[in-house]
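Think of it as A, B, C, D, E, F, G and H in the order they're written, each chain with its own count starting at 1.
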Amino acid sequence: MNDDTRQLLENVRDGKISVEEAVLKLKVKPFEDIGYAKVDTHRTLRQGAAEVIYGAGKTPEQIAGIADAMLRNGQETILITRLSDGSAQEVQKAHPLRYEKNARCGIIGPVPEPDGIGKIVVATGGTSDIPVAEEAAVTASVLGSEVVRLYDVGVAGLHRTLSHLDDIMNASVIIAVAGMEGALTSVIGGLADCPVIGVPTSVGYGASFNGLSALLAMLNSCASGVSVVNIDNGFGAGFLADRINHMNRKREG
Amino acid sequence: MNDDTRQLLENVRDGKISVEEAVLKLKVKPFEDIGYAKVDTHRTLRQGAAEVIYGAGKTPEQIAGIADAMLRNGQETILITRLSDGSAQEVQKAHPLRYEKNARCGIIGPVPEPDGIGKIVVATGGTSDIPVAEEAAVTASVLGSEVVRLYDVGVAGLHRTLSHLDDIMNASVIIAVAGMEGALTSVIGGLADCPVIGVPTSVGYGASFNGLSALLAMLNSCASGVSVVNIDNGFGAGFLADRINHMNRKREG
Amino acid sequence: MNDDTRQLLENVRDGKISVEEAVLKLKVKPFEDIGYAKVDTHRTLRQGAAEVIYGAGKTPEQIAGIADAMLRNGQETILITRLSDGSAQEVQKAHPLRYEKNARCGIIGPVPEPDGIGKIVVATGGTSDIPVAEEAAVTASVLGSEVVRLYDVGVAGLHRTLSHLDDIMNASVIIAVAGMEGALTSVIGGLADCPVIGVPTSVGYGASFNGLSALLAMLNSCASGVSVVNIDNGFGAGFLADRINHMNRKREG
Amino acid sequence: MNDDTRQLLENVRDGKISVEEAVLKLKVKPFEDIGYAKVDTHRTLRQGAAEVIYGAGKTPEQIAGIADAMLRNGQETILITRLSDGSAQEVQKAHPLRYEKNARCGIIGPVPEPDGIGKIVVATGGTSDIPVAEEAAVTASVLGSEVVRLYDVGVAGLHRTLSHLDDIMNASVIIAVAGMEGALTSVIGGLADCPVIGVPTSVGYGASFNGLSALLAMLNSCASGVSVVNIDNGFGAGFLADRINHMNRKREG
Amino acid sequence: MNDDTRQLLENVRDGKISVEEAVLKLKVKPFEDIGYAKVDTHRTLRQGAAEVIYGAGKTPEQIAGIADAMLRNGQETILITRLSDGSAQEVQKAHPLRYEKNARCGIIGPVPEPDGIGKIVVATGGTSDIPVAEEAAVTASVLGSEVVRLYDVGVAGLHRTLSHLDDIMNASVIIAVAGMEGALTSVIGGLADCPVIGVPTSVGYGASFNGLSALLAMLNSCASGVSVVNIDNGFGAGFLADRINHMNRKREG
Amino acid sequence: MNDDTRQLLENVRDGKISVEEAVLKLKVKPFEDIGYAKVDTHRTLRQGAAEVIYGAGKTPEQIAGIADAMLRNGQETILITRLSDGSAQEVQKAHPLRYEKNARCGIIGPVPEPDGIGKIVVATGGTSDIPVAEEAAVTASVLGSEVVRLYDVGVAGLHRTLSHLDDIMNASVIIAVAGMEGALTSVIGGLADCPVIGVPTSVGYGASFNGLSALLAMLNSCASGVSVVNIDNGFGAGFLADRINHMNRKREG
Amino acid sequence: MNDDTRQLLENVRDGKISVEEAVLKLKVKPFEDIGYAKVDTHRTLRQGAAEVIYGAGKTPEQIAGIADAMLRNGQETILITRLSDGSAQEVQKAHPLRYEKNARCGIIGPVPEPDGIGKIVVATGGTSDIPVAEEAAVTASVLGSEVVRLYDVGVAGLHRTLSHLDDIMNASVIIAVAGMEGALTSVIGGLADCPVIGVPTSVGYGASFNGLSALLAMLNSCASGVSVVNIDNGFGAGFLADRINHMNRKREG
Amino acid sequence: MNDDTRQLLENVRDGKISVEEAVLKLKVKPFEDIGYAKVDTHRTLRQGAAEVIYGAGKTPEQIAGIADAMLRNGQETILITRLSDGSAQEVQKAHPLRYEKNARCGIIGPVPEPDGIGKIVVATGGTSDIPVAEEAAVTASVLGSEVVRLYDVGVAGLHRTLSHLDDIMNASVIIAVAGMEGALTSVIGGLADCPVIGVPTSVGYGASFNGLSALLAMLNSCASGVSVVNIDNGFGAGFLADRINHMNRKREG
């Protein structure tokens, strides 16, 4: 319900347009308004934050084109996820893009200064989980959160997990990335007192069933304060973690 | 690492106990310390919040006994989840318990004044999802969050969802509870700009496979900012929502 | 976008209410309008058709109350599905309800004269599938379609299927209800030249996995013109079949 | 039971063939008759409509040969589905084939003037679902239906869906094509008052399990009037939608 | 194509009925004829064999009624499967029924003298598999096969299996009934040189998933000559084993 | 228990070897004896029949070597299954092998004259099922059975199935090969009075789940006399069908 | 190959029985011999250990009868698993049976003095897992192992697990019993240097799918030295743990 | 709790560092200590045993680097699993590595003299299971166990299994490796009196579902003393078998 609607009503009041015309315009508009309204609010709250392009299934030309449009509209920072090395090189011909190889992400424009409530910890069970974790970490960084990486702290070597107890207990949000048996989420969920986001990965073989094992384990976590996103969905976890880490905007807003 | 450890070290310094004795005590203690430390921090941060007893599989006597111990330790408010009507009546003989029938929860002691960042919206797709939603709502309330209930706003009657757009767009956290196709989470996730927690329910029949259908749908939500808890896990969603809604404590703490 | 909106705009035009007030009212209304608009269209098109109450999980008192409200609003015919024998007897104390035991359905008010394009054939593979088939048949009848029942014409006794070839080839829509291997849908789909709706049932044991076997078979039907609804969802099939059988309204409307 | 049978009986009556010979001929024939009878009826009802060749697993030579035979039998329009770009180029050497790349379909001969009851809306949740949607759209067009395409109107951006409310509410049949959580079918099913055909797609990753997630969601849709076809089965949906959109032939026939 | 058809043709030849009438009669009949023809052939081949009533989901009255009709039609022996003890007692009031408690089968009339090629061995892995095995054994016996029972010869005690090597190597057909890991089928399939029918049972717990484990194991048997029926389908195995054991009729017939 | 054992005992009786030596020899032998005994029986019964080499995962050299050994041992006919075109060409350098491309089988030596009870019918639902069907047909032929092929007689075009009613009703054994919904097995099982072996194939897409759909449908067949082998297991079905078709050997043996 | 065989051979040597008779006896015996041989070895190695009766599906009379036979054969100690309270009371009328209610086990006779290599630790994640753990613990005790119980040491409260580090690091074998996410096995597997046996339990709800979640997690454990038994199979774990704990007998034997 | 801790305490006692400093150091250390402590114990117990590098997902450079570090730390023998032929050749440029092609393992340094309790038998059902079996065998050998290989002794040719009865009955531990129906584990588990570790393999097709069939069969084994590791996890089985075979260290340690 934005200024256009008010303008329309004032035009009706002032007899500038007929009731019939107004009915027609209102029939089409409100649903567009919802969208715009949401975008507006969003923009007000998150000034300077990055827009995101989901790169999978898009050609370098399409990605460059979308980025172009965003930049023309005043967007300063753009995050491109699921971007292959080859595509990145193509996009770089059109835009000054920094490519984060591990995360398979490209970034155009400056990364904002972190202004969240605290630090987001991104932890992985093993080294094979790192690409998913990096997608989460880069996403949260580009959206304006400070990120601490704790990689290869799987529960089979519990001393590795515990040697980072300070980071875990001081985190604002924790993203626990693990394949195989996915136990990391429960162990961290039991140690931390902040929201924990489990990201099951497709790392493993045999009865890991491409991440199903880790997914089910995380859903059944006996630790409180834990929720789960899709298998290998590093972006989703990073986005949500940043949103929680920026709950301060909610209050101030 | 609490006062006991410091006391132990002071005793070593002061020659009150031998190094050997200290080694032995330290060998056993640190792991207990982690627990106590955590409980301490927790207590400092969340003064006045409720302790929780998971009622399923416990006899009324056991529940009453645990509550007794908590109360003796100074706990003011206790939440008992998965509590049957019959068990509640038994526990009421020992404690002044209020029973929330829909939520299958019992509460001992005062419910704290809400002091979170904003309001937690608990929405359901249908009326059959209400017991799970109530478990979430009561949990969040007892932990100190204000809760708005939007029940029976399933996406097949989209006008019902949209008629509550204000609540959805102003929420601090949203818990979307739905069985069957679980689409509510995606629709709300697309409208809201706060964290959304999906709770799949076992409501449905046939190919709902006891909640599997809703669970998969929510995990695959195309909306950003969504995460998922176990099927029918109202408590988990309420607990997490409250934790997010109290991110202000993180900053102040 | 109904008369209320037009009235509101006329009031703005006539200066009866301020623009501010109108903005507020419009902010809340349009989403309700969608609903009402849909209901209106629906009512115009389907004058006299039944409203439906899903009886599962509702008390007899709730059902009677909802029916009461519908009747007060001028609804002549009401269909209540998933209604147990016991509940039906309770509802009968408040309303003159006819109970169709096999279909587990109750009907209040007159069943309309059939006015669809043709006849809806409801076929079952075996006798155990009849309750689901009856739910479909009663639903379609009460909504205004003529129904032909072909029960126990499973493909293992193909002569039974083929002895009803005339009914199959002259049908307007066919609902094929089958458990176990669900082959009925393919055989009928291959013989008929009208839309065929497959309803897998949970009839069977062992590797039927409560209807999964029939569901998968129907989804993989090699016959064209076949679609599928949820396991045991007789109502859904009957409702959809009637909607297709009343495509004449679309043209006239 | 066609003219051949009548001729046979007349020959028996006239003593031209013995009863023994007639018994033998009848033993073999009736089942062939069913087939021919069906083809005949079909042809009478749907004069001018396209025949379909399922291209998957056929060599370009086989496809060209089948098309050849059809054309020699007087068929004017032929649709070839699941046709790769390379195969299309081979077939084009033998026939003047138009290749619809997105739909992976080839068309030989003129596309008939639309003569159905109304318009078929083909909607997709995202851009990755477009190939499946195009298969449906091209199929329905070639069979004689007018098609309206609403692509990328997924529920996470509800304003996009709602901005096409007119198309949705005026459609004759709607094909809702979506992967991931498949919520589009429920949202559209709740808005429309025509038959809605859900087509789950294999678009997604992780817990989408190659379309299982969308399939289950659509089968459990809480909206009435919805049915489902196999994962990625654009052809099946287009064929069925056209059949429903040509229910007027049923009445006239 | 039975005598009725010949009679009809003779009537046409003799001018007793018109060609028009004959066309009408033939339009309806042939499909019935298929059925009758099959029943006739069946009866000729298997004179004296039992008819079968599937008792599950039928009332004692229905069972007694069907049996009554069969007996009036000259059937001497009737097998009733899935018959509960209580139902059996009811049926016994109307017919002299012998109840085989373990097999949950009732038999009316004499059991025919065995006249098959050889002996059917029914083997079980454990004692809990016996009810399913008995259903198979009683079925094969009543249909006219000699049955040898080898119960509790599971592979974990291989000496038990091997101590019956003579029976296994001399069998005409073997039915291997096993739950849990279903290995019995492979071991027997490796020892025998006759057809082996695996019957997975729902015996087990946990990861037996109600017979899925045994079903998959039997389908993957590395032994040649093995096929599988549905979980707990003793009747199906007994029927098929008898059919194979009566292949001598094929040659003689 | 072969002549060697008797010889051993005679040697003991005659004092040619000590009891100690005999104990040692007997400790090792009986288990070998089982194997040899079985091979012997087998050879006596099935003189002239083919030996089989499972080609998958074996190099052409290994296959040629095994065939060599078999031929040296007097085997006249050898069947090699799952043999790629390339491997066949390699093996042909060493042996005069005929390669059946559709069946992916190679044959060395003469195919025996059919001497079974009757004809084995191999039927397929569609043309894509033919490779699996050919594996079955070639296997049964090489083992000494006459085979009738009925391809592309799927149930969606029932007249195609029924036009081969004579073949179906006169068959000795029927192998029904079908993917997708696997209904062919039930339809044929309902028409035939001989053993029917269902072979689910991985033909299909989406919810066919690589043959799971057809497998479950066949296991749940409502027709009696049906059993099932593993997905795509043409060899297993052909081997079993031949064994049943040679039940005459059992009697004569 | 026991004394009977030697005796038989001596009788052949001494001319007491003919070669023919010996051939016949040997044809039947060796397979029995395998069994007896095994039992003998077993008895020698494990003198005094308990025999086990699996109580599920057996009547109290059957259990008492089997126990009777065992006792008459000199067995001193008998373990009866899966024994209900009611059945235990019945068996107690015949034998002096001690009933372990939590473990659902009955014991007849003395429990042997522990003589294994070390202590078997039985740990559970929660209190609901205790019945399965007790079945394991009682089994291992009755077979002659010393057992240490660590109950409710789930990983969400890691300090509880770690406070028992000494027990874990000194154990001979560890049985880790857990439902839900089954992470206990990995955590303990990472801390211990002895064999760890995971027992998934059906404790949990929703996406625990009756123990599937814990089962998959344990199978995918990233800790070395871990293996898994069936869901809820406490007996199997206890039996195996005792066998490993008595590897000293292997050396001495 | 190592010397560092004692030193720290002595420093506190001696006043060399303050209590505050000690508190800080202790806060970080104990968790590291757990790790070191475990490594120490491990080293004492298993002097000379190999360290293991999991090669999958590591570059040859990474592998060579890790090996380098291990060798510099005094490790004599290193096992590298899941090592491709190509990677092995790269690593060989840096280290004198022996490559076991079948096992896909590389070994640096001497293989220790076997010093376990007895022999570990590694048995496979078929020849395709050999790579997984070799991974197990090489692992156990390199860790210091003597290994006996029994390959291709699948249960469909039981005489092959039984001809190795001596090996089976004398084994210290048995690793049973099998795909398809996985029956080998049960048969061997029934014959042996030592711990049996089942390794399901992904060998098979169709309903083997990449090893699920064998996995479920092994979990449901009716033989006592059996446990299971992940599909294709030869290393896990070899490691665990060696640990059990070195239980003598436990006693001596």
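Definition applied: a contact is a pair of C-beta atoms (placed from the backbone, for glycine too) under 8 Å apart; a residue touches a chain by one contact, two chains touch by 3 or more.
Everything numeric here is computed off the predicted structure, so don't read it as measured data.
Undergrad: Give the chains in contact with both subunit A and subunit B, ordered by label.
TA: Touching subunit A and subunit B alike, sorted by label: C, D, G, H.
Undergrad: Tally the contacting C-beta pairs at the D-E interface and at the G-H interface, and name the larger one.
TA: Most contacts of the two pairs: G-H.
Undergrad: Using the average of all C-alpha atoms in each chain as its centre, how far is it in Å between subunit A and subunit E?
TA: Their C-alpha centroids are separated by 60 Å.
Undergrad: Measuring centre to centre with CA averages, how many angstrom lie between subunit A and subunit C?
TA: One centre to the other, that is 42 Å.
Undergrad: With chain centres defined as C-alpha means, what is the inter-centre distance between subunit E and subunit F in Å?
TA: Here subunit E and subunit F have centroids separated by 24 Å.
Undergrad: Hunt down the residues of subunit H that sit against at least two other chains at once, touch-wise.
TA: Counting only residues that touch two or more other chains, subunit H contributes 27, 30, 34, 38, 157-158, 162, 165, 191, 206-208, 212, 215, 219-220, 224, 230-231.
Undergrad: Touching pairs of chains, all of them, please.
TA: A-B, A-C, A-D, A-G, A-H, B-C, B-D, B-G, B-H, C-D, C-E, C-F, D-E, D-F, E-F, E-G, E-H, F-G, F-H, G-H
Undergrad: Touching residues of subunit B toward subunit A in the complex: what are they?
TA: For this pair, the touching residues of subunit B are 34, 38, 41-42, 45, 52, 117-118, 162, 165, 169, 172, 191, 193-195, 197, 215, 219-220, 224-231, 236-237, 239-240, 243-245, 247-248, 250-251.
Undergrad: Quick one: which bits of subunit A touch subunit C in the complex? Just the residue numbers, please.
TA: On the subunit A side, the touching residues are 1, 5-6, 9-10, 12-13, 15, 19, 22-23, 26-27, 30.
Undergrad: Sort out for me which residues of subunit G touch subunit B in the complex.
TA: That would be residues 127-128, 157-163, 165-166, 205-208 of subunit G.
Undergrad: Across the complex, what residues on subunit E touch subunit H?
TA: Counting only subunit E, the residues touching subunit H are 125-126, 154-158, 162, 179-183, 185-187, 189-191, 204, 206-209, 212-214, 216-224.
Undergrad: Along subunit D, where are the residues that touch subunit F in the complex?
TA: Going by the criterion above, the answer is residues 27-28, 30-36, 38, 57, 200, 202, 210-212, 215, 230-233.
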